[in-house]
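In structure tokens below, several structures.
Both of the next two complexes hold chain A, though its partner changes from chain B to chain C.
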Partner chain A sequence: MSNIKITIDGMELCADETKTVMQVAEEADIYIPHLCHHKDLHDVGGCRLCVVDIQGKEEAQTACTTKVQPGMIVKTKSEKLDEMRRLSMELMLANHVDDCTTCPKYLKCELQSLIQYLGVSTSRLRRTLNAVTVDTGNPLIVRDLNRCVACGRCVRACRDIRGVGILEFAKNEEERTYVGVKDNLTLENANCRFCGACVEVCPTGALQDKAGVFKEGNRNDVLVPCKNECPAGINVPKYVRFIKEGNYDEAAAVIREKAPFPKSLGLVCMRFCESACKRSGLNGAVSIRDLKRFASEVDSYKWKERAFKKESTNKKVAVIGSGPAGLTAAYYLAKLGHAVDVYEKLPVAGGMLSAGIPDYRLPREIVESEIDLIREVGVNILTNHKVDSIAKLKDQGYDAVLVAVGTDKGVRIPIPGANLKDVHVNIDFLRKDVTHLDIEMKKTVAVLGGGNVAFDCARTAKRLGSEVIVVCLEGEGKMTASPEEIEEAREEGIQIYNNRTFVKVDENDGKVTGIVCREVEDFHFDENKKLVLNIKEDSEHTIPAEMIIFATGQKADLDSFGELELSQRGLVSINDSYHTNIEGVFAVGDAVTGTASVIQGIAGARKAASNIDIYLGGDGAIEEELSVEQPLDPNIGLEEGFSHKECSHYSCVPVEERIHNFDLMTVGLDQESAKCEASRCLQCDLRPKLTKMKFWTEYKVK
Partner chain B sequence: MLLENSTLCGHGLKGHSIRNRWNNKEWNELACLFIEDEKQSENVRYLLERYQKEICNGIIICKKELHINTIKIYISDCYKEYVGQLKEQIKQQLGELGYEIIVVTNKKHFEKEVFQELTLVHHAETMLALSRSLNKDDIPHKVITISGDVKNPGIYEIPYGITLRQIIDEYGKGIKSDKEIKFVQVGGNTGAVFTEEELDTTFEYENLMGYGTMIETAKIEVFPSDTCIVQWAVDKMLYNSKETCGKCVYCREGIYQLYKIMKDATEGKGRDGDIELSIELSETMKTGTLCDFGKSASNPLYTSLHKFRDEFDKHIDRKVCATLSCLAYANLYIDPNACDGCGACMDCPEKAIKGGEKLIHVIDVKACEKCGRCEAICSKKAVKRYGSIKPQLPTEPVEVGSFAAGGLDEKKGLGLGRRRRKSE
Partner chain C sequence: MREMEADVIIVGGGASGLAAAISAAEQGAEVIVFEKANTTGGCANMAMGLLGVETKLQKERLIDCTREAAFQKFMDYTHWRSDARLVKTYIDQSASTIEWLEDMGVKFALPSKYFLGSEATWHIVQPKTGAPGLRAAATMIKTMTDRAEELGVKICLESPIQRLIKDEGEVIGVVAKDKDGDIEAYGSAVIIATGGFGDSPEFIKKYTEYEWGKDLFSYRIPGLTGDGISMAWEAGAARDRMDMELVFFAPNTGGYAPIELPFRQPNLFVNLDGERFFDEAVVENPVFSVNSITRQKNRTVFSILDESIMKEYEKNGLDLVNVVTSNISMDDFKQEMNDMIKNGNDVLFIADSIEELAEQTGIDKEGLIKTFNQYNESCKSTDKLFNKNPKYLKPLVGPKYYALKFAPSAYGSLGGIKINYNTEVVDNDDKVIPGLFAAGTDANSICNPDYVFVLPGNTLGFAVNSGRMAGTNAVQYIKENFSEE
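Then we have the complex of A and B:
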């Protein structure tokens, strides 16, 4: 590495002898037109746009392949050079779709920007494009060879950066050159890793992400959909990769960085990550939740050494409600040095995690073990403590109060018979053991509703020995419960009646005998969010049942907090800092958002905790690095059968063994299947590491 | 050193001395090539049949001079029948160890493999020349293929320094047809065109390179006066466009673009400025492409554009093809004096030929699509072409032998036409 002096366009520059003229120019922010050159790829000098004059050389040289030499005098601009560049562009464009405006890359295209820079028209050349059909055969990448200029960037990215090498220059029947997939296979069959590097480096519209694969937004974020879609922003690719490498402690630590309930999430998370997973269209999303479960199960808590715990601030915070939101906020507030008391009206802490979600899905001991870690950082949880008044609480010397009471008041639809003895609501039913509510089970139970809670009720009733049916308004496939919940319920012998609206509870002498329904053809919500039903004529019928459970939604129980300003939906109103209308009182979780998921509660609570810390005079910094830095190897290599690699996920205990008890009914992945599943990851986080090429307008000297 | 002052020029070194090449680097491997594009010539076969021993001697010299231990011999798979023999020969002269014979099926892979940093690459013919050069009285020779319109096509060893005319006359025994030589292409498919007047050029590296050709592909192809230079250039450009590796734009798109432009010229679709555009393209390609193939690929067109400019102009501006090769500028007719009424041409896809048993057939010009099927099928060669002057023909089929001769002097008619235009 020795520094030499060279001159580019009259500018004297210090350069490293190993560099090319192009590299030195780029460092000095001098633009030399280029197309096949890409910062991350070795140069081939194919596009001939970067030709420059070098004093002493008769012929123009390509800047990208010419190494600098001491005293070199380079001229990047002249009419002759521009003529050469224009001719090269004209030749490329003669073999390129004529119309830019129909291209998805319009205004984001390097080729188009070069047309503008060089002022090129194609009129004097013969059109040489022999149109071919656009390859839309796979769910992720669209290949439009009519827009390809054969710069070979994708070929080099696939081969040299990724070590996959399935793209190559090939010749068609007329022996014209094109960039093809090895042996003319589909990308899937050619063992494409779908890493997207080829799309990322393509300077034209020839390689594109299929519409809808990525959302709009900051590119570096949206390119990693699992992480981006996770409300808490858990670095999914990172922990999946750690699992693949067998580094489970680090994997667990990655999850911990954003969420204090990894085990619970591993069992019940709504999996926004998996819905967004790029692999889902290919042959099923990576079973991210199961990987999370695996990592958290084998976690040896090494991350504790790296966790932060600040000095005491002598500030006191009261949290009302010990659900995932309340406890998450409490966890971070305690770590930030505040004294935190959590008030829980029930005898157990955990909110819906322990008193709501049935044990066969999420055993109470698991939640308890996670809460222990929260207690460990100093959170004081007071169970059996119902808070009646915020004012009284504040009088006890709390500097801040966080309302995280959730939505635990079941909704009874006002139909005749709704208040009969054997008619119950979801949450009361689910937590009857915790609250010692005496509910006498009946032989036949009808659960009204189509969400996850409805299925929790139904499957709980099933385990208590009843015959169970689920009746809901939504049609088949429109139910909000997760597909596997529905599937597993069916396996357990639970019948589902779709498209029903409820007329009344049928009774005989005060005893429930069934639910009277009508069939619904379709329904929608009007502009006032009022439900509008289109009922089938003469469709009234009775579905027999001796017990009815309403599982048609929950509300927040805010009766004790009359001074809080509420939204139209009866939820607590907050500003951007999670502050309610009362000074020093914050709110978070379902009580603010309406019934949502555990991970959304956690994500909100992290932000609320940060805001409360700022309110209390802290810096609000809750981010922590619990896992080690992970070196990313861009060379992912070829793997036979990669795109067809089958996915493995949790398995269920056989129906006969599970419907008579409340034992956890799922079995997670073992080490081998977890590693295998993790290896299915498309490693979307590698793509943002590729250098984003600058347009000519972004250079200082152009 | 034995070859301190050798001025031997290597095959593939653009006329540079192999001594310079040798001194360039600390070579650790020698690759000797018996590689050839079989579509072009069979010079390598010639070497394999005659000079295996001498070539091996050359390899030995090279090995000793440069202290090279590893020798790789690459041979095109079209010559694989010689592998056994070659192996035996090498074994006799070099012993059992230190060499490898590789049969090349894929030229692209071969190129990637052979051109390594410290591999000295020589053609077998260079090895032959090397072993011969030890003889003080040796006159350097070159193996060349003579083809095209000559009486005695074949592979010859010719001494450097004689003229192209001598090569054609003495080795090729002159033109075969009764026509005159229109031009000669020297150097295979990317070679330059030499007109009749230029045949006194001597066969030497520097000399021929000045004309933009290289003689690595030592092929001389002779074309007679009825060759349409435009049509010929179209074919060459199409052929060369298929040979491009595709990496650089000028070569990949440029040659094809030249093909398209020239094809249009043969089809009546030529435009003003096409010649200037073709020259600009060719000249940019000559300096701008990545490799030597790209730099020379436009040679056939570029040189003929300069030497037969008039003919190109006529195709593009006047839509005239003097040799009637371009059917866009000619019509087909049936010579009433040659047609024997056999009916073979009657199976016309356009039903454009009228006739009957023992009747002279007549082509309906309006219906004719000029597919050329009748021309190919006629055993009497009675289907002919005319340009701007239509010969006297029967309008309806008449009995064979009944159409009055005379007034059918096609040559005269065309000649008149051409002269008239020139004087305009």
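Then we have the complex of A and C:
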């Protein structure tokens, strides 16, 4: 490698001899029109838009394929060159539909920007119309060959960058060159890896992501949907790849970077990642939660060596509530050097994780083991300590207080009979053993509600020996409970009555005998978020039951905190910094957002902890690199049967073995199946690594 | 959060935003343009040209449409619903705008009519190569972008605006977002020019009488989601009349597709009852035609011709020519027809009898037969129903019959933000919101109720001219209110 001097458009530039004129011009931010050239691909000089004059050469040369030479004098701009370029454009436009207005790439299209730059409108050559049907059969990639200009970028990206090589040039019956899939197979059958590189490098609208696969937004974020959708921003592709490689400790460390409670999340996370997973359109999302469970189960805590722990700041923080939000905030605040006391009104720490979610889904020992790690960084948890007044707490010398009390007050719908003896609310029922609440079980139990908590109640009652039915307003398929919960409950013999509204609890001499319902045709919420029901005529009927459990939502119990400003929904109001209306008092979790997921609680708590640290004079930095850097190999290669690949996910123990006890009812993945499942990942994180091409508008010299 | 500062902040880098940027910068203002796409020009990249009245180009060609006549025509056509002072300023300024663009380096082809009987006000951009047709104005965008940057205008691409920043009733800036996050950009004046809501089915449904995909098959240029209109309303702007810039197309064929060529001619048009509903000679005026189509059942009509007319068109050319389709030939039509037959479609119908045609199209059979008989009778004498010009009365005799379905469509939207004739945005009490200006399609209330097809070039014409006015007015506003230096 040696440095030589060349001149481009009168500008003297130092250049590396191995480079092309195009590369040197690009480095100097000088625009040379181009279409088939892409920074990450080897150049072929096909589109001939990058022709330049080189002193001493009679014919114009393509800048992308011409190596620089000492003393070379290059001219990139002249009317003659533009004329040659326009002719090349017209040849390309003759193979491209005239109509840009229906193209999703409008204003994001390199060809369109070249039309602007070179001043070409329609081609004078034969016009190509929408002659080929747009191929929308694939769930992820739309191919519109009417917009293909045969630049071959996709062919090169697929073959040279990815080592997959399933795209190739072909000719149709009219002798028109187009880019086809090998042997005219579907993308699935050609073993496409669906990495999206072809779409990414396509300069026109010929290859597009199917609408809805990605959200709008910052490219680097939205192109990796699992990570983007995770409220805590866990780097999913990174830990999935570590699992595939058998590097489980590092996988666990990646998760830990953004969330304590990985084991709990591995069992009960709402998995926004999987809903967003690009593979779900193909043959089912990657079972990310199961992979998380696997990684956290085999974790040997090597990440602890890399975790930060700051010197003591001599500041004291009180956290009210030891749920996932409260403890996550406490964890980071303690790591930041503050002394943290967590006040918990129940005899156990963990909030809904230990006193809400039943043990058969999330065993208390697992939560306890995760809380041990939080205690390890210095968090002091005081159970059986109900806080009655924030003011009193502040008088004890705390510099900041975080309210993280959650929403643990079940809601009783005000219908006649709602307060009878054998009518209970969800949370009281679920934590009756913790609070020593004496609830006498009955033979038949009706749970009212269609969410996950309703099913927790129903399946708990089932395990206590009752016959259980679930009655809810939502229709089949509209219930908010996860599909597995519903399916597994049905397997356990729990009956579900959909489309019901509740009229009253039937009684006989104070004893519950059933729930009187009406059938609902449909329902919606009006502008004031008020429920509007369309009730079927003469549909009133009674569903017999001796015990009723309301599982129709929860609210925050804020009776002791009258000084806090609340929102219209009865939740704690905070500003962007998680600060409440009271100086030094912050709030986070369900008490702020309304009942949400564990991961949302954790994500909020991280931000709250950071803000409290800033309030206390720190820098608010809580990010930590617990895992090693992961080199990304863009060459993913071909894999036979990749599109159809299926592995196992968690399994449920048989019904007979699970309905008589509260033992964990699911079995996670073993090493082999975890590696297999991890290998189904489409590695969406590779795509943002491809260089985003600049348009003429973005160059300094154009 | 990062901060930026300038005199004038412009939301949208289309034709209107660029015109505003250039005119403000020419008067010494520091200007930032925020554009959400990867390149400038917005819908103007698909446009052809803009209105000019009493331009040198017209005078050289003895085109004698005067400002006074154009103004009168404009106001007659809109029944004085439009802001007459705004229209007057626009028309009076239009010639100097053409010259302003020519000075930058834009070249224009002949000033053109849209159809016979309209005025030759349409200054179609001359591309460097290719016909001065669709996309020709993209060439002008390059020139305008270069000019803006030469004047020091900062153009931030891929940077959509989130909202306006207001302080004590005055608009003082915007919050933009780019790949690195949010930016607060402060300026003494903000000009909104985001091009309307043509790509927002929600807006269309809520604010017009149409539903996209049901009775409206308009162009949906990606990104025209009413951003500027929403943020102006949020800042207190009054809502002005909103409508679509209506034309008619065969649904889902792309608009002015070759398949429409022989069907956009003054032969037999019927509705679903099989009845004629207008003098087909009106077909050359897209807005008159779509207005009458909108009144028909399901807002669906059919243009019907037979093999004899088809053959005559192939041999002698069409009856009516309009500029947009002038470079499409009957060969293109035939090619597209064959592709459509091959690939299947739901707008083109070919039958061997009138009865079969009725069955295929869903037109009432008895009604259609009756109309056919009456129409063919008229062709022997006169059209007693609408008194259509006898030269367009061609009998339909078969042996093959062709029908193409037409429905309302649109180039985009019209209006949304209420401005006064100084392009200042006003609130519900018609009080000016200090510091806020709007231009282009977001504020195009002059085509009220209809696009003024008799003076073609109004969309791009109003965009560039109102942008230019807004740029000048914004600088004037700054000079009057912030001139401590």
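Operating definition for what follows: the second predicted complex is superposed on the first by the 696 of 702 C-alpha atoms of A that agree within 3 Å, B and C clash if a C-alpha of one lies under 4 Å from a C-alpha of the other, contacts with A are read in each partner's own complex, and residues count from 1 in each chain.
Operating definition for what follows: contacts are C-beta pairs under 8 Å (C-beta built on N, C-alpha and C of every residue); 3 or more make two chains touch, one makes a residue touch a chain.
Small disclaimer: the values here were computed from a predicted structure and weren't measured.
> In the superposed model built on chain A, check whether chain B and chain C fit or clash.
fit
> Go through the superposed model and pick first if A:V701 touches only chain B, second if only chain C, both, or neither.
A:V701 contacts neither chain B nor chain C.
> Which partner chains sit in contact with A:N95 here, chain B, chain C, both or neither? Use first/second/both/neither.
In the superposition, A:N95 contacts chain B only.
> If you count the residues of chain A that each partner touches, which comes out higher, chain B or chain C?
So, of the two partners, C touches more residues of chain A.
> Quick one: angle from chain B through chain A to chain C, Cα centres, nearest 10°?
Superposed on A, the angle at chain A reads 60 degrees.
> A:R48 in the overlay: touching chain B, chain C, both, or neither? Say first, second, both or neither.
Once the two structures are laid over each other on A, A:R48 reaches chain B alone.
> In the overlaid three-chain picture, which partner chain does A:I4 touch, first (chain B) or second (chain C), both, or neither?
Touch status of A:I4: no partner.
> Applying the touch criterion given at the start, work out whether A:R176 contacts chain B, chain C, both or neither, answering first, second, both or neither.
A:R176: touches chain B, not chain C.
> Is A:N218 in contact with chain B, with chain C, with both, or with neither (first, second, both, neither)?
second
> Which partner does A:R86 reach: the first (chain B), the second (chain C), both, or neither?
Only chain C; A:R86 stays clear of chain B.
> Once both structures are overlaid on their shared chain, how near does any Cα of chain B get to a Cα of chain C? Whole angstrom is fine.
Scanning every C-alpha pair, the shortest chain B to chain C distance is 9 Å.
> Which parts of chain A are in contact with chain B and also with chain C?
Residues 83, 87, 124, which sit in both footprints.
> Okay, in this complex, where on chain A does chain C touch?
Contacts found on chain A: 82-83, 86-87, 89-90, 93, 97-108, 112-113, 115-124, 127, 129-131, 133, 218-220, 695-698, 702.
> Please name which positions on chain A make contact with chain B in the complex.
Chain A reaches chain B through residues 44-48, 51, 59-60, 83-84, 87-88, 91-92, 94-95, 124-126, 128, 149-150, 152, 169, 171, 174-177.
> Can you list the chain C residues touching chain A in their complex?
37-42, 45-46, 127-136, 138-139, 141-142, 145-146, 155, 157, 179, 219-223, 254-255, 257-258, 327, 332, 335-336, 339, 343
> What residues on chain B touch chain A, complex-wise?
241-242, 244-250, 252-254, 256-257, 260-261, 264, 273, 277, 280-281, 284, 287-290
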